[in-house]
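In the two assemblies presented below, subunit A is common to both, partnered first by subunit B and then by subunit C.
After this line comes the complex of A and B, so read on.
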C-alpha cells in the first residue's frame, strides 16, 4: 500500500506541479511584464522618497545646469541630459509621479461604476424603471442601459476626454475621473454578461431558498467569486490605457496634463523631439521607450493572467 | 385532528406564452398536517416543481402566481403568504377560465418579499433536484452551510458556525467532515452533494422541508441512503416534509399520504 502511495505522489508531481524552470519558461513574457511594472513601481517609490528629502535620485530633476547641456549618456549621466542640462534619468524616475496616483483613481472609478452598473443591468434588466407619468413610454432597463453605454462608447474616447477637459477643467484628477467614467462600460458589459449567465443557474435559486437577499446574491455569490478574475484582468489593461492617456495629454501640451517645469514622460518626449534629427536622441528616446515598455508590460501581464485563468477553468 | 402546518388553496401560477398562458398550476388545493410527510406525485410537466417554487416564492417569470392562498401555520400563528396581494393583480374570466391577467409585478414582488421575510429559509426550506448544480461551484461546501447558519441568526460568531457546520455534516452521515468542509462541490459525488444540501436546508431548523425530487439522478442504493437519512432526521427533528417525486417506490417508502397532480390540478 505504501508503495502505491509513493507512486501516486510521483505521478501527481510530474503532471501538476512543475519546476521553477518550467514555470519561467511557460510564463516568460508575463514575468517580464510583471518585472518591468515592479521596476516602475520602485521608481515611483523612489520619487516619493525624494520628495520627502531623501537623496534617492542621482541628481535634482529640476536643477538647471547650463555647463552640462546635452551630455551624452555615460557614467556621470546614465541617460544623458536635456537642453537645460537636467539629468534625464532623474526626470524619468520622477515622471512616474504624473500618472500613478491619478491612474489608480481612474481604475477605482471604472471598477466601482462598472461593477455597479453591470450588476443592476444584468440582474434587474427585465424590469421597467418606475418613473411616474412617463412610465408607459419607457423601455426595459436593459434597453436603456444598452443605449446609454452605446452612446458613451460611440465617441472616440480620446477626443471625448480632450473635449471634456477643454470645457471644464485641466486638473489631472478630473481628467482621470473622466477616463474612469468612459472606461466603465467595458467592465459593466463583462459583469453584466456574467450576471446574466449566472442568475439563471440552480445555485442562485438555492441561495434564494435559504433566504439570501438580492444584494448578497449579486455581490457575494456572483461578483465576488465569479467576476474577481475578469475584473483584475480588465484593471491591468486599464492601467496601461491610463499611462497612454496621461503621456499623450502631456505630450500635446496646450494646457492639458503636466506642465513644465514639472515633468512627465509625455512632456519630456515633446521637448526632446526637436533635437532628435540633430543627432541628440537621448532626450526623446528614453522617455518614449519607458512609455512603450510600460504599456506593453501591462498588456503582457493582463494577457498572462487571462491565459492562466483560462487554463485554470479548463482544468476544472 | 392534528394541527395543519401548510394549506394551499386554489393556487394558480401561470407563465405567459406568445399565445396565451402555460397553465402550469391551475387551482391546486391540499393540506399537510404537522409532523406528517406528504408526497406529491405526477408525471413530468404536471406542475409539481412549480407548486414547490410557488410556495417558496422563487418564481421569476411573469405573470407567476396569479391568485390563491398559501396559509402557513406555526404555533397557532396563521399567516397567509399571499395576503394583501389581490390589489396588484386583476383577473378577467371567460366561461370560468382565466383569460387575462393584469399584474403589477414590481409592487407585487415588493409586498410579497415583505410577507416572506423570516419565513423563506428559516421556517420553510427547500432541497433541489440537481444538488451539484445547486451548490455554488466556487465556494467550499463548508462556507455555504455556514452562510445558511449565519443568515438565520442562529449564532453570531464564525467559529461557532464552523463547529455547527461540522456537526451537521456528521449528522447527514458524511465521513471525514473536516475534509468535506474544505472541499468544492465538483470534488464531491452526487449523493454527497445531496447530503450537503440537506444539511444546508435543515441547519436553520425549518418546520417545513420541501424536497423537490431529491433522489432523481442518483442510483438506487444512494437513493435508499437519502430516504433513510430523511426518515432519520424527520424523527429526530420533527420536521414536516413535502416530498415531490415521480418515483412511486421512493414515495411509498417515505410518505404518509400522497396527492396526485395532473395538468396542474390535484386528482381526487
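After this line comes the complex of A and C, so read on.
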C-alpha cells in the first residue's frame, strides 16, 4: 500500500520541476559522505602545497616543542598537541598523504586488471586451444579464468599482504599493488556478468554488422556505456579498504607501515593511545575519528550510488 | 535419493577444489622462489668458503635441479605435512608442531565471532523489519554502520574501555565452569582475551555490515513474493515463511566470507595476544621466519577452500536443484 502511495506522490511531483531540496533530502547520507571525502582531499592538497613551501598548515607537523607538551585543544592548537608538543591538526592534515596516492595506485591496478580480465572472460569465454584429437578434453577460457579467480580468492588479503611484505618489500606502493591485484577478481566478475548479459543484445549485433572491431565493442559499447557506474561503486569500497589497510599496518608497526617521525593516522593513534586512560584524549581521539569517518564516508557513498543505480534499473 | 548427475557434479567440484589448492601452492612456491637472497648464503660462511664447496652444498640441497623438479619435491613434502623447521621463532622446532595448536585457537575464535555476528545481524534485521521506522531500529542500524566501518584495532580499545569491568565479572564466572576442551593460552587469564577478541572480531572487519546488508536485501526480496501474500492472507506467520527461504543464501554468504574473518583474525589476535594462526603469522612476518609464513598461508588457503566445499554440501542438503544450477553456471 505504502509503495503505491509513494509512486503516486512521485507522479504528482514529477509534473513540477525537480527540486534541489528533494534531491538533498533523498540522498542526504550519500552527500554527507561525499562532502567528507572532498574535505579529506582538500586536506591532501593542503599537505602537498605545504611541501612546496607554502604556509598552508598552522604549524610545522614535525616541529618538536617541549614547552607545549599536551596542550589542550583550544584556540592556539585546535586539536591540541601530542607528547612531543607537535600540533595534531597539522599532523592529521599531513596524515592524508600516507594513503591517497598509494590508494589511487591500488584502484588503478584493480580497475585495469579487473576490466581487462572480465572483458576477455565474458567476450571470449567459449574459446579453446585448437588442438586436433584432444580438443574436446581441453578446458575453455571460461573455466581457466574461473580457476585463476578461485586461486586468487583463496588467500585472505591481509594474510597475503603480510606474506608479501615479509618476503619482498615493505614499500607502501608495493603493498597497494597487492591490494589492487587481490581486489581485481571482484571487478572482473561484475564486468564478466555485464558482458555476458549485453553480448546477445541487438545493439552489439548491429555494431558487429557495421564492422566495429571487438576491442571497440567491448571497451566503448559495453564497458564505457554500461559498466562505468558499477566500477565507480567498487572503487569507492576499495578506497575505504585501502584506508583500513594503511592505518592497520601503521598502527601495528613491526616495520610495515609508516614510521615515526613521518605520520599516518594509524601511528598517531598508536602513540596517542597510551595517554587515553590518563585523561588526555586528544592525541588518540582525533586521528581515530578521522579514520572512522573516512571509511564510513566511502561506504556511505558507495551504498548511495549503488541504491541510485538499482532504482534506475527498476525504472527501466 | 541423490541423482547420479548430482554425485558426478559434486565429484567434479571436489576435483576442482584440489586443482585450485595445487594452483595456490604453485603461487606460493613461485613467491618463495622469487624472494631476494640465496638460501645457500644463509647456511654457509660466505667469506671463508670456496665456490666448489658452495656448488656441492647446492647439489646436496637440490637447488641446482630444474624448477619444476624442485616444485614437485616441495609439494610431496607438503603432502605429508612436513613444512620444515622454524628458523627464528622456535629455532629447529617443526612448523607443524606450532601450527596445529594455533589452528585450534583460531577455529574457536572464528566460530565464536561467526555465531555472535550472525546473532547480532539477525537481531538488527529483525528490528528493522518488525519495528520499521522506529527510533530503535534506525539507531541500531546506524550504530552497526559506524561500528563496522571502524577498524578492528580501534574497536579493540573502545571495547576495553567500555566493557572492562563487566567482562571481567562474566569471565571470572566462566572460568569456574570452564569446559575441559577450552584452551587457556599461556598468558594467565585466557578468557579475557578470548571474550574481547570474539567481540571485536564479530563487530569489526566489515563482516557484520555485509551480513546485515545481505539479510535485508534477501528479506526485502522474499517479502514481495506471492507466497508471503498468501501466508499473510491466511493469517500464518510471515516471519517463519521468510526465514526458511532467506536462510539458504545466508549460509552461502557465511562460508564464502570466511576469509574476511581469517584476515581480521590476524589483527585481533596480534592486539589481544591470542595465540592463534594470525598471531603466529604476524610474529613470523616481523621476524622473517619464512617456513612459518608459507605454512600459514597454505593452511589458510586450504581452510577457505574447505569452506567453499562445505558450502556446496549445505546446498545439497537444502536444495539439490540449486546446486546443479550453480555448478552449471560455474563450469563449462
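The definition used in the following text is that the second predicted complex is superposed on the first by the 289 of 316 C-alpha atoms of A that agree within 3 Å, B and C clash if a C-alpha of one lies under 4 Å from a C-alpha of the other, contacts with A are read in each partner's own complex, and residues count from 1 in each chain.
Just so we're on the same page, a residue touches a chain if its C-beta (ideal position, glycine included) is under 8 Å from a C-beta of that chain, and two chains touch if they have at least 3 such contacts.
Computed from a prediction, not measured in an experiment: that's the story for all the values here.
Trainee: For A:50, is the partner it touches subunit B (first), subunit C (second), both, or none of the two (neither)?
Mentor: A:50 contacts neither subunit B nor subunit C.
Trainee: First (subunit B), second (subunit C), both or neither: which does A:225 touch?
Mentor: Touch status of A:225: first partner only.
Trainee: So in the superposed three-chain picture, is A:123 touching just subunit B, just subunit C, both, or none of them (first/second/both/neither)?
Mentor: neither
Trainee: Which chain makes contact with more of the residues of subunit A, subunit B or else subunit C?
Mentor: C
Trainee: Just checking: does A:286 make contact with subunit B only, subunit C only, both, or neither of them? Give me first, second, both or neither.
Mentor: Neither partner.
Trainee: Is A:299 in contact with subunit B, with subunit C, with both, or with neither (first, second, both, neither)?
Mentor: After superposition on chain A, A:299 lies in contact with subunit C alone.
Trainee: For A:207, is the partner it touches subunit B (first), subunit C (second), both, or none of the two (neither)?
Mentor: first
Trainee: For subunit A, give the residues common to its interface with subunit B and its interface with subunit C.
Mentor: The overlap between the subunit B and subunit C interfaces on subunit A is empty, containing no residue.
Trainee: Taking the complex as given, what residues does subunit A use to touch subunit C?
Mentor: Touching subunit C from subunit A are residues 140, 142-143, 146-148, 150-151, 153-160, 162-168, 240, 244, 247-248, 251-252, 254-256, 266, 269, 273, 276-277, 284, 288, 291-292, 295-296, 299-300.
Trainee: Under the definition above, what is the set of subunit C residues touching subunit A in their complex?
Mentor: Per the stated touch rule, the residues are 16, 19-21, 23-24, 27, 31-32, 34-36, 145-146, 149-154, 157, 161, 209, 259-260, 262-264, 266-267, 270, 278, 281-282, 284-286, 288, 290, 293-294, 296-297, 300-301, 304-305, 330-332.
Trainee: Mind listing the subunit B positions that touch subunit A in their complex?
Mentor: 56, 58, 106, 120-122, 125-126, 128, 130, 133-139, 147-148, 151-152, 186, 197, 200-201, 204
Trainee: Quick one: which bits of subunit A touch subunit B in the complex? Just the residue numbers, please.
Mentor: For this pair, the touching residues of subunit A are 127-128, 130, 201-203, 205-212, 221, 225-226, 316.
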